[in-house]
Each structure stands twice: as C-alpha cells, then as structure tokens.
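First chain A sits with chain B, and in the next complex the same chain sits with chain C.
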Partner chain A sequence: MSDPVFLRPLTAPDADKGQAVVFGPDRALLLDSGRSLAPWTIAYKTYGTLNAARSNAVLICHALTGDQFVASSHPVTGKPGWWEIMVGPGKPIDTNRLFVISSNVIGGCMGSSGPAETDPATGETYGLSFPLITIRDMVRAQAMLIDHLGIDKLLSVIGGSMGGMQALQWAVSYPERVVSAMPIACAARHSAQNIAFHEVGRQAIMADPDWYGGSYYSRGTQPSKGLAVARMAAHITYLSEPALQRKFGRTLQNKGGISFLFAPDFQVESYLHHQGMSFVDRFDANSYLYITRAMDYFDLAADHGGILAEAFRGAKTRFCIISFSSDWLFPTAENKRVAHAINAAAGNVSFVDIKSDRGHDAFLLDEPEMFATVRGFLNSVAVSEGVA
Partner chain B sequence: MSDPVFLRPLTAPDADKGQAVVFGPDRALLLDSGRSLAPWTIAYKTYGTLNAARSNAVLICHALTGDQFVASSHPVTGKPGWWEIMVGPGKPIDTNRLFVISSNVIGGCMGSSGPAETDPATGETYGLSFPLITIRDMVRAQAMLIDHLGIDKLLSVIGGSMGGMQALQWAVSYPERVVSAMPIACAARHSAQNIAFHEVGRQAIMADPDWYGGSYYSRGTQPSKGLAVARMAAHITYLSEPALQRKFGRTLQNKGGISFLFAPDFQVESYLHHQGMSFVDRFDANSYLYITRAMDYFDLAADHGGILAEAFRGAKTRFCIISFSSDWLFPTAENKRVAHAINAAAGNVSFVDIKSDRGHDAFLLDEPEMFATVRGFLNSVAVSEGVA
Partner chain C sequence: MMALRPDLAAIAEMIPKGARVLDVGCGDGALLEHLSQTKNVDGRGLELSQHNVNACVARGLSVIQGDADTDLGEYPSQVFDLVILSQTIQATWEPKTVLGHLLRIGRHVVISFPNFGHWKVRLSLLAHGRMPRTQTLADEWYDTPNIHLCTIADFVDLTQTCGAEIEQALALTPEGTTRSMEARAWLPNLLAEGAIFVLRANNMGSGI
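Moving on to the complex of A and B:
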C-alpha cells in the first residue's frame, strides 16, 4: 500500500490522497476483452474503521466522472467529496459504524491504472493501447482490492448511475460476498439513447486535433475543447427539463437584453460553459472514452442468455433500488425493470421511486427521502448481520 | 426574379432550382438587431398555380435545417423534397388546389442571404459579420417576398418546429394577412434545455480549428467535424427514447459481438455518424450558428409584456396546432400552452395531440392522423374563403 500518484497538479496537496495497491505480474487483472493488465494499480480511500469481525465493510462505487474521494477533500480540485452529504459520521452511510471503501475504477484518472498511466511493458503512456474495459472488469479489480484488504463479505455495495451498475454487477459476479446492494438511478443495460449521447461525446473528443489519436500526453496538450463539449452535452442529460426551466428558464446574463452576438446571452449557456471548463481541469479525455464505452457495453441480461432474471437466480443479496421520477437518463422504468427481474428470480428486493424534479443528478443532491431510505435499509441490514 | 446561386456543388443540376428575388438598396431588410441588409436575396420555390383571386396561397416555413425544396428534388443532394409526403397533387396540402410557396430563411445557405454569401459592402464573404437574425426577421423577409409576388393574404402559413415558430410569428406580426396558421410541433418560446442543446452544437462547431472564427470560406475548408458533432447531438433530440430503442436497441454492427474498440459497435452509433456526415455535405456551419441563435431568441410572450395571450389579442386567424405525444424537444405541453393563450385571447384555435412514439421527427414522417388533420383543416379554411 502506498500513496497513489496523480497525474494532475494538486490544488489541495495537504488533502488525504488515499492509498493505492500495486498488483504485481503474478496478480494480473484478467479482462473481458481477453487481454490483461499486469502490473496494475488500484487507488482507493477508506473512511471509518473495520470492526474485528470484518463485517462492517461497505463499498461505494463511483459514477462516470467520480472517484474515491467520496467524503473528503478532492486533492486535485480541493472541493468537498462528491457524496459528503451521504457519507460520514452520523450521515446515512454512517462512518461511525461502517467501514467505507471507495476505489477509483480502472480506466480512470485518479490513481488507478488507466490510459493516462505508463504502460510498464513499453515505458510509454498507454493512450489508446490501454485495453478496453467493462463494468465487470471494474468489479473484478475491486474484488481483488477487497481480498487484499482481508475482507470476505461486503455488508453493502452502493452506487449511483455507473456506480449502480457496479453494485448490480457485484451481486451477480460475487453473490456470496455481497450481503446487500443499493443500485441507485441506474439500469441493467445502457439504452440506445444513452449510447448515442456517449458517442456524441466521444466524437467531440476525437474531433479535437489536440487529441492526436489519443497520444496527446507526450505533446503536452489535451483535447480540452472536445472534452468540454462532451461534458456539456452529458450535463444536459443529468438534469431535467423542469429543473433547467426552474433554475435558469430564459434568464439573460445581461439585464439589458439579448446581445445579438454568439457569446452566452442566457444564464443556462454560462452554466454549461462553466461545467465544461471546470471538468477538463480534473479529468482525462481518454479516461472519458474508456469509461463511457464500459457503460455502453453494460448489459446484464445479455450475459445471461438475454433473461435478466437469470442474472439474479439464487442470489441471497438483499437489494434496495432507488430511482428518481424525473431522471430521463436512467428512468424509473429501467430501475423498476431490475426490481422486477430480482422478484422474478425470487430474490429479496425493495424499490423506491422518489418524486423529484432534479433529474439524474438527484442522487448527488439533498434528497431527504433518499437519505431516509439508505439509512433505514443499511440499519436493517446491519442489525440482521449483527453489526453494532 | 432569377435562379438562386447555390454555394455547394449540385448533385442534381437538372433539378428545378427555384427562384430568387434580389431586393435592392432601396428595399433594405430591417432587422430586430437594429442592423439591416441591403441589397439582400430571398430564394424560394413554388408549387401549383395562384388563382385569379390570389386567394389560394399557402406559405410553408421550413425547420432549422430545411429549405425551399418542400416537394421537389433537392438540387444539392438529389434527394426528394423534405415534405413530399405532405405537399403535392392530391396530398394533404394539395397543389392541385393551392399555390404553395416556400422560401429559404435568411441566414440560411440555400440561396437566401446568409453568412456564406458575399457582403456587397466589402466584396468579402460575410462570415460572422452577417447580422444576427430572429424568427421575426425571417418572417419580415418572407412578407416582402409575398408582397413581391402580389399576394395580399395567405390562406395558410404552415410549418413544423422552427417552421411552426414562423407560422406563429406570421399570425402575430401580420394578423390581417394570415387567414389560418398551422404551427406543428413547436412552442412560443425556446426552453432552457433547448437553448442548452443548441449551445452544445455551437460550441462543437466553434471548437473546430477549421472554423477559423467563422472565416473558413477563404481557406477552402469548413468545420465538418464540429458540424457533424452538432448534428449528431441535435439528432438525438429529434427522436424519442422508445423509437431509438425500437429501431436500434443494443443491436450490434457485427454479429460476432463487441469489438473492444472505439469504432462504432452499435448500430445506433453508425446511424448517428451517417446523420452527421451527410449533413455537412449540404449545410453551412455558420448558417447553423445563426439559425439556432434565432430559435434561442424566440419568445413571443416576451415581445408582449410577458403575457402570451396578448400576442394573439384581436387576431382573426384560425389556428390549428398539432403536437406529438413523444416529442420531448417541443413537448405537447408547450404546444398546448400556445393553444390556451389563443383561447385566452378569445381566438379561434383547434389543438390535436397525436399519439406517436417517433418524437419530434414525427412531423416529417408518415403520420396518418397528421395528414387527416391538415387536409381537413385546410379544406375547411378553403371552403370558407371560397377557394375552389
């Protein structure tokens, strides 16, 4: 275990940088593509204390652009952790009681092996020679980390969006190791519309001449404009039309009226620009390509003869699925479909659709019903597992 | 009247190229920005014959990427007209009975004055020195064309999407000249979400180094990659999630399975690529900037003290508004809002929401209920106006 190495300058160099494990050539990570990574690194961060029975470990899986800094300052941006509202002492995921682990997904850019890292075989930055990855690969890497930490069973695997895909995949890949799972605002497959939006983002990145076929690292540049466009397009899908209308409507930047120029006239434009520009300071464009592709490939039913229920056959995991009524990226119906499949496999599942106009992003926001659901479910699981 | 000059090579040089009127320095087009165009050109195409009473003229207004070739071969692409399903002899908009006029909007790139044309004041291509335009400016230009054609009253003004915005604006700007109007799949204002999607497209274009600040014409290039990304993003908004799922789902290009490459694996990706690539062959990137901006600026209520009904106060125009149930770009609720406002102004309006899963694009497709509605409404208006 060592400090992870970050590719980007740290704004908060005194922030806890978390830890990293390097698995050597004898512990290759076998990938769905048939390729493997060795040696490879997984960067992670923990909160709370593992109890003597090793029974209070909760794994939190991050979304597309998230990372291991769930509940503590992000060393690159200096901003609070992305789920501090949910995780910490006394919070719904209570670190006074639970040992929380979160790792950067492989393919990511916060210390785990990814396209921006050096390929040990060549001494060069991977770029596009990094193998394509899947959600199952991400989960396989996390399982090796959990082994490394000496943890046999996870009290819960929790995540929103792509994190929810991982929570589902955990329960399917390692049913005996997952006591409970909370997939939030996700789906058992990426839809055609979602693949389409991802492809627009990838094309925007790859159209940027500063991308250089993925080998921009050695040129001291990055496809910032393309990545910003990708982020802007994606960001619209994280919100809802009513939330955008309520938050911005047609409010102008300048009260004097429209400018008859192409500079941002509407507040919603400036907001999007800010989202795009701040993203490129903390995220690697190739990681964006790899991780979106992993999401596109996700289809739990396809791995089980096309029958989603088969994925959950015999699972003892307790599931709690949460969706948000205005989420059009991972709509209520897709979340419900997972709950139905678990039911059809005679599994144990509760399903909560939370009324909110905040769209997909709701899972990151102050949503009291989500907090109450997470707190109640985790408490019930902890009690039944004898966690104090 | 003369043949319009097209900037792009004609695939179908023997196709009817339509006509153009050049208004001289004494007939400047005054714009909402305070600027004006003189001389300026409007290119148009007509179908059918104007009757002796000049009472059977119908103006069809095109959408963002449409043009005057409503019902005849497009001279640049060689493809059929964009609304041949709707307009022609015996069709719902029956050219055996009606005289159909359609013009390319100003700011466009099919023969009307726009950023790709030569600025008569400098002898250089306009580029971004072309003035920004509004939907009202487009309509003001069309009114001058209608004057030029010696037509006092239009039996109907019809259009979908941005064409519907123009139909509404016609009834508001020239209520005494518009017997009836059929705004289809549109709104009285562009929403925050729609402005956001437009801004993503514009940023994609402007991020392309081949854009050269809008002055790419003299360099023999065009921002094709950026324009393709803009088109791909927009195209997703023209469809519906269910239609994408039905049409493509997660079907792969290659039956052998996923490639673990960034080339298109899913059919929906190849479809989007095709949409992007074929668009750049026929459309000017700067026109895309100008026309999307005009749509963003559209807000009929804002021009009337914030009260939409005031826009229609005293209007004698008969309105028929059509929406599609799965259109999320111009949702049923936005169309209905216009109908309510006309009602509130004691106007004459019928409103039809057509159940379809084809999203916004439905207005261009084979939708029998739309055809029946258009045919019935136009027949009723024609009869009451004494058109044979």
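Moving on to the complex of A and C:
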C-alpha cells in the first residue's frame, strides 16, 4: 500500500490522499478489450472499522467524475466529500456500524491507473495508449482490491449513476460475494440519447487544439476549453427543466439589461461557465474520454444473450433500486426495467421511485426519502447478516 | 408492532412458517412485516402506491412499485409457496387474468374479498334502489375503487373457469373472525360479509 500518485500537484500538501495498492506484473488486470494492465494501481479510501467477522464491508462506487473521497475533503479542491450527506457516523450509510470502502475507478485521475499516469513500460504518460476500459473492468479491479483487503463478502455495493452500473455489474459478476446491492439512478444499459450526449463531450475535448491527440501532458497544456464544454453539456443532463427554471428562470446577470454581446447575459450561462471552469481544475480530459466510453459500452443484457433477466438468474443478492421522478438521464422506466428483470429471475428486489424535481443530480442531494430508504434497507440487510 | 387489520390477521393465521410469500397489493407492508417477524417468511410485495412502497422499503421489506393488472406477467411461474391478494381483486381491471397469474406464480393462492351477495347488500339494493353502501363497501358508486364486485357464488364460478381447486373456503366478518363454509352452498353467500379462499391450480398436480 502506498500513497496514490496524482497528475496535478495538490493544493493542500497535508491533504489526506487516501491509499493505493500497486499490483505487480504477476497480478495483471485482464481487460474486456483483450489487453491487460501490469503493473497497475488502484487508489482507495476507507471509513469506519472492519469488524472481526469481516462482515460489515460496504463498497461505494463513484459516478463519472467522482472519486474515492466520498466522505472526506477532496485533496485537490478542498471541498467536502461528494456524498458526505449520505456517508459518515450516524448517516444513512453509518460508518459507526459499517466499514466503507471507495476506490477511484480504473481509467480515473485520482491515483488509480489511467491515461494521465505513467506507463511503467515506457516511462511516458499513457495518454491514448492506455487501453479502453469497461464497467466490468472497473469492477474486476475493485474485486482484486477487496481480495487484497482480505474481504470475502460485501454487505452491500452502493452507487449512483455510473456507480449504480458498477453495483449491478458486481452482483452479476460476483453474485456470491455481494449480499446486497443498491443501484441508484442508473440503468442496465446506456441509452442512445446518453451515448449521444457523451459523444458531444468527447468531440468538444478532441476539437480543442490543446488536446494534441491526447498527448498534451508533455506540452504543459490541457484541453481546458473542450473539457469545460463537455462538462457544461453534461451538467444540463444532470438537472431538469423545472429545476433550471426554478433556480435561474430568465434572470439576467446584470440588472441593467441585456448587453447585445455574447458575454454571459443570463444567470444560467454564468452558472454553466462556472461548472465547466471549476471542473477542469480537478479532472483529466483523457480520463473523461475513457470513462464516458466505458459507460457507453455498458449493456448487461448484451452479455447475456440480450435477455436482461438472464443476467440475474440464480442471484442471491438483495437489490434495492432507487430512481428519481425527474431524472431524464436515467429515467424511472429504465430503473424499473432492471427491477422487473430481477423479479423475472425470481430475485429479491425492492424498487423505490422518489418524487423530486432535481433531475439526475438528486441522488447527491438532500432527499429525505432516499435517506430513509437507504437506512431502512441497509439496516434490514445488516440485521439479517448479524452485523451489530 | 401495530395491531394487524382483522382480515389480514385472519390470513396471517393461515400462512405456514418459513414460507416464500408474495403479497400483491401489500399496502404499507403491515402483513409482510408481521409474517417476517412472527413466521420467518421470505416475503415480497407488489404495491401500486409509490408512497406505500417507499414506506415498506424503509421498513426493510422487499417491495416493488407495480400494478397487479399489468405487472404480474413479469413474475416467473411457481416460485412462491403462497401468493396473497387481500381485498384487491374487486379493484382490478381484469380479475380473471389476475387470478390466472396468481395461480401460475404461486403454489397456493390466498384471496380475500367482500361478498356482494351478503343479505345486507341485497336488502339495501332492494329497499333503497341505490348502489349498496356497507361497512366494508363505504364509497359512493362513482368514486369507488371496487369496479368488479362479486358474490361468493360468482367467485366460485371464476375459480372453475380458471381451473383452480378450492382448498379452503372461509367466511369472514369485518371483525376478522372466520368460520369454515361450504362455498357452493347458498346460505354462506347470504350470511358471509367477506370470504377468504385458498386455491391452487388443479392442472399442476399435487407434486408442485
């Protein structure tokens, strides 16, 4: 175990960077593409204490631009953890009771092997020579981390959005190791519309002259404008029309009126600009390409003869699926489709749709009904597994 | 634990320990919770109201939001020991299809419903010439969820149409007391305010 390596210098030198495991050449990570990674690194962070029976471990999987800093401040931005509202002592995912593990996905840029890291074979930054990865590859890497930590079974695998895809993949890939899974605001496949939005983001990055075919690292640049546009377009899909209307409406930045210029006139424009610009300070553009691609490739049914229920045949995992009524990126119907497929395979599944106008982002926000669901479900799983 | 609604308590009495149970229209999960705590059943629920579903899941029950009329087709055959449908069949659009699915999904089906053949109902219609309103059927005709009311005799006919065998038939009072009845006789159809039937599909053979 060692400190994870970061692409950019940390703004806070004393920041908690979490931990990392380096797997040597004898422990290669085999990838769906047929390629493999060796040696490779997975960076992670834990919260709470593993009990003597090793039965209270919960894995939290992060979304597209998330990281292992679920419930502690981000070492680059200094901002609170992305799910502090959900994870911590006395929180719905209670670290007084549970041992929470969260790792940075393979392909990411917070210490795990990814395009911004150095290729040990060449001593150069990987860039686009990093192999394409899939959600299943991310999960395979996490399973090796869990092995390394000496944990056989996970009490729960929990995640929203791309994290939910990983939770589903975990239950399908390692059914005997996953007691319960909570896929939140996700789907068993990426839809055509979602792939389309991702392609807009990728094209924006690749159209930036500072991208240099992915090898911008040695030039001391990064495709900030392209990455910011990608983030802006994506951010719209995380909200909802009513939420945007409620938050911004047509309110102008300058009370004096419109400027008859292309500078941001509307508050919603400034907001998006801010979202774009603050994102490039903490995220690698190539990582964005790789991870969006992994999401696009995700289709659980395709791996099982096109029949989703087949993916869950014989599953002993208890599932709890949560969707949000105004999420149009991963709509209620897509979440429900997964619940029905698990049902059709005679699996054990709960399905909760939460009424909210905050769109896809709702899973990161203060949604009391989500908290009650997570708390109730986890408690019932913990009790049935004898976790005190 | 809150006291169970009398008709649900009567059903709970009939469920064997450790059974695998699907409660269709499980409401706030009171019966499922009771069964899991007192009889160690492996329980699942299907419930129309999302509000109720969320409450069930927060209580640690395995429940999904869905509609008995449209979503029972998703369930595989013969995976539950018992399927329960309490006070709901009269509110479905297609009772015959629903009953068919229940018999397919469960080895046994426990079903309860208000008896529209009860003497008070008959007398009310005869005396007032208006749609009867009773203790168990309290809504006005235009806002009742009960769109397919039936009598015990009607229901017995439906079980035959669906190829179901009646394993047990009980008369049910609003207070939840039950007594065994001869479902095909005319008197129980006049005297029972409600009924609980235990059915099984008779084309499956006893081995299933």
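Rule of thumb we're sticking to: the second predicted complex is superposed on the first by the 388 of 388 C-alpha atoms of A that agree within 3 Å, B and C clash if a C-alpha of one lies under 4 Å from a C-alpha of the other, contacts with A are read in each partner's own complex, and residues count from 1 in each chain.
Just so it is clear, contacts are C-beta pairs under 8 Å (C-beta built on N, C-alpha and C of every residue); 3 or more make two chains touch, one makes a residue touch a chain.
Keep in mind the model is a prediction, meaning the values are calculated, not measured.
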Query raised in the report: Is A:R293 contacted by the first partner chain B, the second partner chain C, both or neither?
Result: first
Requested in this report: For A:D353, select first, second, both or neither according to whether it touches chain B, chain C, the two together, or no partner.
Outcome: second
Requested in this report: Classify the contacts of A:R250 with the two partner chains as first (chain B alone), second (chain C alone), both, or neither.
Outcome: first
Requested in this report: Based on the superposed arrangement, let me know which partner A:A372 touches: chain B (first), chain C (second), both, or neither?
Outcome: second
Query raised in the report: Just chain B (first), just chain C (second), both, or neither: which does A:T221 touch?
Result: neither
Report task. Give one of first, second, both or neither to describe whether A:Q193 is in contact with chain B, with chain C, with both, or with none. Result -> first
Query raised in the report: Thinking of the overlay built on chain A, is A:S2 touched by chain B (first), by chain C (second), by both, or by neither?
Result: neither
Report summary line: Partner touching more residues of chain A, chain B vs chain C, is chain B
Requested in this report: Sort out for me which residues of chain B touch chain A in the complex.
Outcome: 32-33, 35, 128, 131-132, 189-193, 195-197, 199-200, 202-204, 206-209, 225-226, 228-229, 232-233, 236, 239, 241, 244-245, 247-250, 258, 260-262, 264-266, 268-269, 272-273, 276, 289, 293, 296-297, 299, 302, 328, 331
Query - Residues of chain A that touch chain C when the two form their complex - result: 318, 320, 336, 339-340, 343-346, 348-355, 369, 372-373, 375-377, 379-380, 383
Report summary line: The answer for chain C against chain A in the complex is residues 44, 50, 53-54, 56-66, 71, 74-76, 79
